[in-house]
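Notes for the one structure printed next.
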Amino acid sequence: MPDDTILEVNDLQHHFDVSPPALDRVLRGKGRVAVKALDGVSFSIRRGENFSLVGESGCGKTTVARCIVGLYRPSAGNIVFDGVDIGRLKQRNAMSRVRRRMQMVFQDPYASLNPRWRVRKIVAEPLVTHRLVTDKAELRTRVGELLEQVRLSPADGDKFPHEFSGGQRQRISIARALAAHPDLLVCDEPTSALDVSVQAQILNLMKDLQRRLGLTYLFISHNLAVIYQISDRVGVMYLGRLVEVATADQLFSTPRHPYTQLLLETIPRLDPPDGSSGEREPVAGEVPNPIHPPPGCAFHPRCPLANDRCRNERPSLLIADDAFVACHAVHEGRLSSRLAEPHSPARCD
Amino acid sequence: SGEAKTFRWANDGDPTTMDPHARSDGFVTSFDMNIYEPLIRRDRNLKLEPALATEWASINPTTWRIKLRQGVKFHDGTPLTVEDVVFSIQRARDAGADATSQLAPVKEVKPIDDRTIDFISDGPVPILPNYLVSAAIMSKAWCDAHNTTSAANHEGIENYATRNANGTGPFILKDRQPGVRTTLVRNPDWWGIKDQPIDPDEIVFTRIDNAATRVAALLSGELDMVYNVPPQDIERIRKTAGFKIWQAPELRTIFLGMDQSRDELLESSVKGKNPFKDKRVRQAFYLAVDEDAIASKVMRGLAHPTGLMVGPGVNGYDATLDKRFPYDPRAAKKLLGEAGYPDGFEVGFDCPNDRYVNDQVICQAVVAMLAKIGVKANLLAQTKAKYFGKINAPRFETSFYLLGWTPGPIDALNMLQNLTATRTDTDGIYNNGGYSNPHLDKLIKKIQVELDAEKRNELISEALTIVKDDYVYIPLHQQMVVWASRDNVDLAQYATNDFPWRYVKLK
Amino acid sequence: MTPKNTEPLLRVENLRVEVPSRRGALTAVDDVSFDIAPGEVLGVVGESGAGKSLTGAAIIGLLEPPLRIAGGSITLSGRRIDTLPYEAMRRVRGKEIGVIFQDPLTSLNPLHTVGHQLVETVRTHLDMGSVEARGRALSLLGEVGIAAAEERIDHYPHQFSGGMRQRVVIALAIAASPRLIIADEPTTALDVSVQAQIIALLKRLGRDHGTAIMLVTHDMGVIAETAHRVAVMYAGRIVEIGSVRKIIDRPSHPYTAGLMASIPRTSGPRGRLQQIDGTMPRLNAIPEGCPFNPRCPKRLSRCRHDRPDLIPSGDADVACWLYLPVSEPTHA
Amino acid sequence: MVAFTIQRLLQSVLVMLTVALIAFALFNYVGDPISNIVGQDTTLADRDHLRAELGLNDSFIAQFARFVSHAAQGNFGLSYQQARPVSQIILEKMPATLELSFTAALLALIVGVPMGIYAGLHRHSWVSQTMLTVSLIGVSLPTFLIGILLILIFAVVLGWLPSFGRGAVVHIGWWTTGLLTAEGLRAIILPAITLALFQMTLIMRLVRAEMIEVLRTDYIKFARARGLTSRAINFGHALKNTLVPVITITGLQLGSIIAFAVITETVFQWPGMGLMFIQAVSFADIPVMATYLVLVGFFFVVINLVVDLLYYVVDPRLRIEREASANV
Amino acid sequence: MSELTASGTPASVPERPQRWMRFVDSDLLWSFSRSPVTMVAAVIALVIIGAALLTPLIAPQDPYDLASLSLLDATAPPAWLKDGSWNYPLGTDNQGRDVLSAVLYGTRLSLLLGCSAVILSFLLGVTLGLIAGWRGGIVDALIMRVADVQLSFPAILIALLIDGVVRSVLPRQVQTEISLYVTVLAIALSYWVHFARTVRGSTMVERNKEYIQAARVIGVHPARIVVGHLLPNVVGPILVIATINLATAILTEATLSFLGVGLPPTEPSLGTLIRIGNDYLLSGDWWISIFPGIALALLILSVNLLGDWLRDAFNPKLR
């Protein structure tokens, strides 16, 4: 593993057991049912990089984030953080040392702050939990600094979350996440509940912080424009798998996977391309049921290029030019681009 | 008149069984004895009078001879015979019956001819006729036919006689809904109907547990008569037009008992000794209780304060002894001091709360009175099921308690034997305080076999004097039997709390 | 492109919505005026809390107490509707004005089938028997693009996906063929791919049935695709209103400009986005003068105490002192 | 659904066993049945004999095991007090209690739900404020006091209604009903009111709270926006959505109605199981007490089951979700 | 509401206002001052609680001092009636206790008993509910089945059981003293289920909220999450149950005393007083039950009204 890799995710799988109760299963002669929310995801993130995951609702973005920060225990695969395989840590102590260096910002600024705690207490919680600051006065100054870091005033510490607007709350979340000096910040759709002007503020703030503190981000969003603005590299997910990994510039200039192309086409445009009516072509079909994913390439029911191979054989993530793509059509050259060595490891760093 | 006369009445208990031998519960027997009859019964003044037997006499010290009434028919039409009597006495003494102990002295019941029967006992039993009062006569044929030749009922199936009846009495069971309503009709073929015409055509009995509801039902006109009226409601009923109160002293004596047998009381602050073994302490308790206040305030005058453990009407009652030592808290305090408890002491006090008239209120009053001489009585008032389980044999787990006693055969011997004799297998069963006095025991033995009535009563007086002067118990009062009815009802009130409906008249 | 020649379908004049509070009434919608012509789509944009939803709610008379209309008038095809009694207004709702709310998950009663809710709405407003109404319900479902309507009509809302539910909501809104639809963030909760379907549907309605639409949204992309004209709201006021291309390409008001600039794009330079510093004031702390003045990069001194009115400036109406025709006298 | 029902019934067996076990553990403390069964003159030897015969000297585990093994064969023993099979006694008493409980529950619903709706719809009107306050008085006084006061007023002073009992009953198979005779109907009024008062207050407050909550939901707002009539909105949409919590609480309360019936039945001498139970307690009639408790345990399980099944009927969402989470 | 009443933009709050000023200024007090019913209820509750606290000072008689009772004064009517005397303003009961004093002491006792029982069942129910909701699975199923069993037993029987066990385990001398605790325990044990069920329900909703997950990501110990984060957010809804249960607990005690399980009759609670007086209702001695009845009704009424108001005041959605 190269030295500057901070997080490496290998063949990560996560299944949710949604089976009916035991007796029911026996009576109806049914087996267990699992949602394969993640079905073998691999990627790695370099220190100081901003890696993004993008995809339609339900494709497993949040599940990846939660596995990484330890909210879910992966069903298979491993997560290596700074050389430590987190999945193998059993002791709470060891876990919590790693945890401290990995923090998360949640999607919903309204639900992610305890409504009955004052902001000061919320922001101080990581410091208190990890005993980073024990002195009362010092704690107060430290919380004040953190609040200032996210452009709030230290006096705001005395208020309750409901006294803040959505954007301000998201800043509080960020301040809390920064409190314990993490190396990696996992941001699960941090701006999707905010409107554009506030979104711009938050995104700018995140960028500033990254520069100043040398943070690494795993950024999750379904908004391609946001992804374009903030990421260095992007992974596109579809139904629990990565279908394409590329640098942001590459992805937006030359999307390879048909799904990526479809995603880019559905973005509403401010400036309609000349000649068009400004109307998007509605995409046919919806995301399939993850309990019974289609065989072969999961995208084939919606893919204009699907052939028999796509219906039967699952494509793996292989290098195509500078990007990694999981698509038979791309690899076979049916969709431009030349095929890379078929057996290069399915890793994208 | 053309309309049937119905007499509706209620009580807080239920005649749980129609089988007259199954339970010796006072109310059940009293109820069933309107359907069945004994050989000898009691009249309004509790004197013995002929029922199914026309005459009885002691023909030698161990034999009583009775003559059976002729022409008596059971409700199903079969005639009463000597065999029925022999069978019934046997049935009443059988395992499973509950009257066994009363008829225990009877060794043999011998039919002499078709209207004469001899009762033979081991030794002299002067009050044997008294015992026969509660032995109901059933039809042998009927019992055979319905497989109920024994009153036993613990085998898991219901005994036929529990809900059906076939007696010789003035009333015939018509409908029985246990715990709810029991309906009976007049027996037109009753042998006594000429001397004692029966007025109501129908009797409807309802159980109403709650005293207030019972009284309300009377006042609202849904009942003609209720039993067991709480003292506090008497004034209200008396004042209401159209209703009247019936009252008579009851034979039951309410008294306080003290543990005098243990070396250390179970529930007391005094350790290492038992203060009640000291007569002065018992006397102090006696003197500290203001029975007059209890009688007037708690019982609202419906009690007869008593100095004796048996009440007027009981054979052996001695009016000269029936005077309480006067209320004197100062003397009581002094006695306590002399006994070594100048500051009093603490003692547990057991009391029922659903057994006697205002039982718990009496106990509370006693607690307050004892407090005035420095004794702290810790009152535990419980339902009778828990209470009796605690204080009665075989546990006797009490230090100080309140109890009531009615001598079953209306003879003082019964009280002496049960409450004051030294505890043995057969005697002193309710001597919960464990009092033991060999002299008294000897006296009791003498009374048991004395056939001469006058001599016997002298012996009883002697025994009662000992009981009184030794402060074995603290007698409080005989409560009044208080019944209430509509103005148009006439009836006979028994001091035993029995209620024979043959006297009921509806105007 | 804007069918301006016709008589406006909806005219809102000087609308004021107030919230009584402990310390006097707060003004949540202040002096808002605009109109919509038949077949026209008016986009309404602005920051969260700017008063977009309240304006819509005021039009259909569904302000939740204690909110109340404190001034102004609302006229639908020449008839004043803000003063109508409850029962008369009820007949207007659904029949003449349809409403689509943001969240398809919560807008449908979970305990009734979709068909029940459709039939109920149809029969409330149109004189139809139950069989006929069911027929109409089926055709409505077909119209909003729900396949196998015959089978789907007896399903419960939870058996539909989010996008389908939102289409059902639209079917309910157009059940009685209203002439105006107020769509309050109809696509916010949806995926991009579904969003495109809904927008296409709305546009078709306007085109085919001449239905006017008031489209409230945060998403400028949606506006750009759909609306003919756009009203920009800030702190309870309309700060700028004009044709869609004008607002997007050449915004006049500094707020509109800031808003447009902060939209992230998928092409062009990356790096820092433009942003408007500060936050929109709360209702109880709306500054004197132009409410935008504390955040405004081009603030003039009069902005601090004089409130600008919405006045024509070129091809749009703007409320900003920067665009004051010099001749016009100042007025508070 | 079938599986769910079977599972619940299996659980009910467990619940009943536990109830019986606990019941037997506590029977040592309810008193001595012997002194109630026998007369005062019964000898100690006879008492001991009887005690042994009834198995009262055995450990409570042994008594429990015997009860269970007999009960499994449908034999619940003989009542000490009445010397009749307990099952027969209970069958006699059950109709009275069930009729009273259901009448009371119905009354509570019929009065409580509309009052709750009204109070929910007109939150600030003085009528609903008054209703809310007055209804609280119903829960502020002990049941027995309310019962006696009602008897005093309606039976003694006004003479309109009977003060006790069930009136005339009609037999339909083993079931007896008082609801088919005028006398029986008159008799049930006072006890039903006494029993319903508390539940009425509770249901009314619950419906009100739920109503207020539901009226604020988006789908109600949307229903308004569609121009539906107030009636359709309030009853067709809002009320139906308040039903789930109301069903839950009513179900739970039906259980406590049965428990409260003990006191009401005593005050009104209502010949039901509650009265029977109290009489059994004061008599230490162990077989009756044990069977009653087990039966009540069974009622609770059944009520909970019915409540859960009603959820299915009322809320289509649960028809799927329930299956995934039936084990909670 | 929150949006409107928060004290303005960050800049406009230069300093943290005094606690007292904040209280005076708070929404709670404001909504309070706008509800006359609540204010009356609060006054009544205050008077009752005050009277209960000061009872030994203001009661004309100590009804627990048995030596001071005189049976001869029993069932005297209130002072303003014929035969009444101002020695006993509200008359006397069947033991000669001054009804006014008995009511005061009884209120004190009932309040103490009710509050302790509610607090205890609250603690028990909340703890079990939290555990069940947080852990889910087997633990949850187990706790909920125990709750089912518990519900099958009327409070009266639970009390009998506990009372029996206590009496057979503990020495006799202490039994009278501990009867209060036994009663409290008995009542508490029969009411915890309501708390547990409600808390379990909201816990299951709340535990999936993001602020709980945030705490987990931070690495907060689960016990701390439950106590620090979850608990404050689930106790709100059960405040109302608590007020209703206070009423039920006080009434249950009255029934218990009848079975000889509750407090000794020499130290009557309000419930016991009513039950005693109940026997005298028909006879016309109404004051024995009516005055304690009024006291109890007022107490429960005011507590419930305050509970109602609290619920509405704390629910931002209702304003």
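Letters A, B, C, D and E mark the chains as written, and numbering starts fresh at 1 in each.
In the analysis below, a contact is a pair of C-beta atoms (placed from the backbone, for glycine too) under 8 Å apart; a residue touches a chain by one contact, two chains touch by 3 or more.
Just so it is clear, the structure is predicted and the values come from calculations on it, not from any experiment.
Chemist: What is the touch distance from chain B to chain E, in steps?
Modeler: Step count on the best path from chain B to chain E: 1.
Chemist: Count the smallest number of chain-to-chain hops linking chain A with chain B, moving only between touching chains.
Modeler: The fewest steps needed to get from chain A to chain B is 2.
Chemist: Between C-D and B-D, flag the pair that has more C-beta pairs in contact.
Modeler: B-D
Chemist: Can you check how far apart chain A and chain C are, centre to centre, with Cα atoms defining each centre and the answer in Å?
Modeler: Roughly 33 Å, centre to centre.
Chemist: Could you work out how far the Cα centre of chain A sits from that of chain D, in whole Å?
Modeler: 54
Chemist: Cα centroid separation between chain A and chain E, in whole Å?
Modeler: So the centre of chain A lies 50 Å away from the centre of chain E.
Chemist: Can you list the residues of chain D that touch 2 or more other chains?
Modeler: 29-30, 148, 152, 156, 216, 281, 327
Chemist: By residue number and range, which residues of chain B touch two or more other chains?
Modeler: 212, 216, 219, 382-383, 386-387
Chemist: Among the residues of chain A, which are close enough to touch at least two other chains?
Modeler: none
Chemist: Chain A touches which residues of chain C in the complex?
Modeler: Where chain C meets chain A, its residues are 47-49, 161, 163, 191-197, 199-200, 203, 218-222, 224-225, 248-249, 258-259, 262-267, 270-277, 279-280.
Chemist: Which residues, counting only chain A, touch chain E once they are in their complex?
Modeler: So the residues of chain A touching chain E come out as 66, 69-71, 92, 95-96, 99-100, 102-104, 106-108, 111-117, 125-126, 129-130, 152-153, 155-156, 158-159, 162-163, 173, 176, 180.
Chemist: Using the touch rule from the top, collect the residues of chain E that touch chain A in their complex.
Modeler: 2, 6-7, 10-11, 13-16, 209-211, 213-221, 224, 229, 232-233, 316
Chemist: Taking the touch rule as given, give the residues of chain C at its contact with chain D in the complex, in rising order.
Modeler: Where chain C meets chain D, its residues are 60, 62, 64, 90-95, 98-99, 101, 103, 106-113, 120-121, 124-125, 156, 158, 169, 172-173, 175-176.
Chemist: Which chain A residues qualify as touching chain C in the complex?
Modeler: Against chain C, the touching part of chain A is residues 56-57, 165-168, 194-201, 203-204, 207, 222-226, 228-229, 248, 252, 262-264, 266-272, 278-283, 286.
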